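Take a look at the structures below.
In the two assemblies presented below, chain A is common to both, partnered first by chain B and then by chain C.
Moving on to the complex of A and B:
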């Protein structure tokens, strides 16, 4: 089969879209890990919660779902702060096993809670732009996906400005680099933990909103696979490295869709982990990871 | 003399007591109900179908119990059915747990249901071990009764297999779609039809793929499979797979998918990938949620079926079809789906077999199922009678193919039967936006 350029462009585009979801999820996870050094397996459930909050607000208000993204991020940010304060802070430093089991418990709490409130049937949200396409060369690209890519870039730019150009961002980076050093210079590291968990949860919420706006099916159990992929992305990109999460997320999105196109759909999930194994063989700390990590 | 009288009285009392005790024991041994286990997918990828299967089973049970239940000759009375529903979660391991619970803890007399082929096949080892008759009403892989890895003699396949409807749909493509496309585009009759297959990577999906390939080969049909793309069960993102299909330039796409998957395939094909072709669906998708989910993107798509919530063949079952729908809507406030009616009938088949057997003894019930001959209920059966084939315990259903047309009033697509000729309501239509593939 001759490889037509427009077909490849379309596959690349789907990869970019998938990459956006992974980038937002993995960046949030990396932010949390970078500062708190904790493993939160329930991060995918925050994406799921973001999806449900978006869908619910949309159903109740009729607002443009893209306009709801900020609200969803704020709500999940607050939820994230509560989770950090009530769940993770008490066990910080008591051992990785505690963190793991706590987050596993949170997975079931969130999944069953959502199933109880919203039911567990698969749902879909129809974007107001679902029939709108934009011609790019010989192909017609759905407007929704272009908006999703733009939103992802905007969110990442916002995160960059926060981390690089604000005092808060400097404090977060300091805490991430050297927690004790940050305490010595007077940074309230517990406040940094709370803020980062909130921001990380907000990024997961953004991923959830963009997930449903693209017409993806959602139910209480959609968070598991993206969470596993987000973890492998942060390992691939380097633990605590936000550029690594961005590159890793893009790589995964494009690789998955490329594998699905060239090898078949059943390879879609496998290829991600194959890439991880290959990268780790040659670079054990990940693409952007530092050896001390 | 006085002594003899005392002994006589004592003996009479003993005899009377023995008789009374024997009567009590016999009453305790008599069951008070007939336990029927329903294996349905209430959660997971099959949840929207499982809901209809459960509700339909409950409707059938309530109808039977309204008449007193099932007459069991061994007890000389009617036994009401107690329906025990177990959720297989559309997962093989959960299916095994569900069937184990039904057969070991609940001690059901018979099983009905089973939707996902992969899940159902996983449970058949338990069925064989416990020797419980099972009327499978949803899982369509021929392996349900044909694969001989375990004893399948207690399993009865009350739905068409993937081979059957795969063949039927392929013949529709050949006999209806191909001439229509050739006529519209001026293609020669010698031009092979370009078929793309998008199938779930499971016994079900592979069964459909094999059914199509087999039909093309044995019938020497002018068809080329230009693309076959597999996807994992529960997949929600088909954009890349559909892009690969688009690259192959098909005339038609035949998707072997569950309703939650099929909905996304149809929507993403038309909305996201701009695949201006006809998508065919398997009968399990004839479900109200499917029509709602595909919205207008499903206009002119095609579905093979044997029961539809929104149309009915004008045949001997038309009245029964209408009555069932009316009863279902009255009880549940929504229309039933194809898997629901299959399970509804499965309950009646199971009940009739027990009545024919005259006992709840499982081997006798199995034999009664094997020899059953009862009039069709709601779905049309070949020759009008429900019988299981002697070799693989399968039933021959009368199938039909519908095309979906937009209904402004309903705000959804609605099916109209386009094949076979003796049942068709309207002719097959190729829409203006349709683009044939080019080799």
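Moving on to the complex of A and C:
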């Protein structure tokens, strides 16, 4: 009995760690969706790019990989702004699905661009704390996973403070609540689009850094599935709701690791979509979403 | 403008058909070219089927599911019973249509991104189901061999195969054309533009959407079965997201919601693809396709078919 409890705890903990990646991706997507009402399906490609940048900087400088996270976030934030200006702003307000089609193009460009530069072999980065574990009760938790969870919490707290306590945050929230109203009171909504896209990309980059640092293999194709799952998380949690994204992210992380443990690794990806389909059959607007039309 | 446009396609359609019929004679019996053209034809059918669903306002991101179902059902029946693939292809299409109807039922209340996610997820789930619990029948990840459409002993079987697939594709496009020209087409367009208003006008969106889903998945299943019998092999890789993305890319590139769009998109992108391949490029091919897609979505939202019109308008504006 005690053993089973330990296993359950372990699965929960892995789920928490996996959930962190999803939460970072989903929060970024949600922030962008809030102001622009579009979805960047190529969001996972930013995670992948973040992973490669972290690995490259680590290989060149030998810094502690956790120290690189800020640099990666800034670089990807700038790349995100460029993407927003060149690709998403021109199609804002056109057909509702255009951003999906555009993202498909971006996915191809990014994946193969990275494959061209770094090759498409699977790579692993060895964290300095690879072998360090922290005993909690009867189980051993890898230190890396604990650091990752702490980092995610810190980033989310930072985002919360930014959105709640600063003028910029107020402007972002106003834009996402009512774009026209925000324009009337003098908010430069296009600037908000740009900033949110930058922040969202930065969050994806943070997810990418945490991905490589935790010793997961990476190649140019790792991004698509987490991004699509992150998107299904925000559908599940209600479009534009950041608490929904956090709850959904944790739920997915735990459900996936539970499924991988109890049903076999092959079910890892499908369990999340199964949850999504079942929820949407009964609640077509998501768990916390309200129907606006 | 309308008359001119109509007459243009009026002339171009027979020319395109004539080229399609004469192509094997022009290209000779070179296996390589025939193979490329056959796969292109199958993707024209696949893209047209996807585009048909998109016409009713439902953009699926998981049409690989029906492509694969058609392929697996047709292969498994043909292997088990020894029937000719000609008969089993229809069975593949019918099973795909049935499953499409069921998926359509879960999707009728969903819109845009929600629908996209559910269809995408469906393909992911199906891949796992085929690869793992059904591995005993489907061969799991290793896949299984599939019988040829025509026995390899027939001299010039590739040529016949080409004409069979050409006939199926042309017939399907004619059917799509007839459906879209009938009341159904009007109903689809009305639902796509505004579901509530369509309902107010006495159109029942649910049944029309289901019809679109069923027909589209039937044609996709047929395309999948043709593909599998052509390459004589099927594995769960067929459910990969990329299989779902190609028909979307082709349709967007050619022109969403038009009959000729998927055809033109598939032909032009296949030619670009093969030419780039000829130069020995691998990743660059994908980058080129991705960039082309982005450029078309931003600057030519109605696809290549609208290019003459857009140019004419721009020219007229500059003159006036």
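Quick note on the criterion: the second predicted complex is superposed on the first by the 287 of 293 C-alpha atoms of A that agree within 3 Å, B and C clash if a C-alpha of one lies under 4 Å from a C-alpha of the other, contacts with A are read in each partner's own complex, and residues count from 1 in each chain.
Keep in mind that, in the parts below, a contact is a pair of C-beta atoms (placed from the backbone, for glycine too) under 8 Å apart; a residue touches a chain by one contact, two chains touch by 3 or more.
Since the model is a prediction, treat every value here as computed from it, not as a measurement.
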Between chain B and chain C, whom does A:216 touch in the aligned arrangement: first, second, both, or neither? first
With the two structures laid over each other on chain A, which partner does A:82 touch: chain B (first), chain C (second), both, or neither? neither
Where does A:261 make contact in the superposed view: on chain B (first), on chain C (second), on both, or on neither? first
Could you tell me if A:269 is touching chain B, chain C, both of them or neither one (first, second, both, neither)? both
So, does A:228 touch the first partner chain B, the second partner chain C, both, or neither? second
Pick one for A:95: touches chain B only (first), chain C only (second), both, or neither. second
In this superposition, which partner touches a larger number of chain A residues, chain B or chain C? C
Taking the superposition as given, does A:12 touch the first partner, chain B, the second, chain C, both, or neither? neither
Contact-wise, after the overlay, does A:108 reach chain B, chain C, both or neither (first, second, both, neither)? second
For A:168, using the defined touch cut-off, is the partner it touches chain B, chain C, both, or neither? Pick first, second, both or neither. neither
On chain A, which stretch or stretches are contacted by chain B in one complex as well as by chain C in the other? 120, 264, 266, 269
Chain A contacts chain B in the complex at 1, 4, 7, 10-11, 14-15, 18, 120-122, 124, 126, 130-131, 133, 139-140, 142, 145, 215-217, 257, 260-261, 264-266, 268-269
How about chain A: which of its residues touch chain C in the complex? 39, 87, 90-91, 94-98, 100-102, 104-109, 111-113, 115-116, 120, 224, 228, 231-232, 235, 239, 264, 266-267, 269-270, 272-274, 276-277, 280-281, 284-286, 293
Considering only the defined contacts, which chain B positions touch chain A in the complex? 43, 45, 47-48, 201, 229-232, 235-237, 239-241, 243-244, 246-248, 260, 263-264, 267-268, 271-274, 293, 295
Residue set of chain C touching chain A in the complex reads 59, 61, 106, 109-114, 116-118, 120-122, 124-125, 127-129, 131-132, 196, 241, 245, 248-249, 252, 283-287, 289-294, 297-298, 301
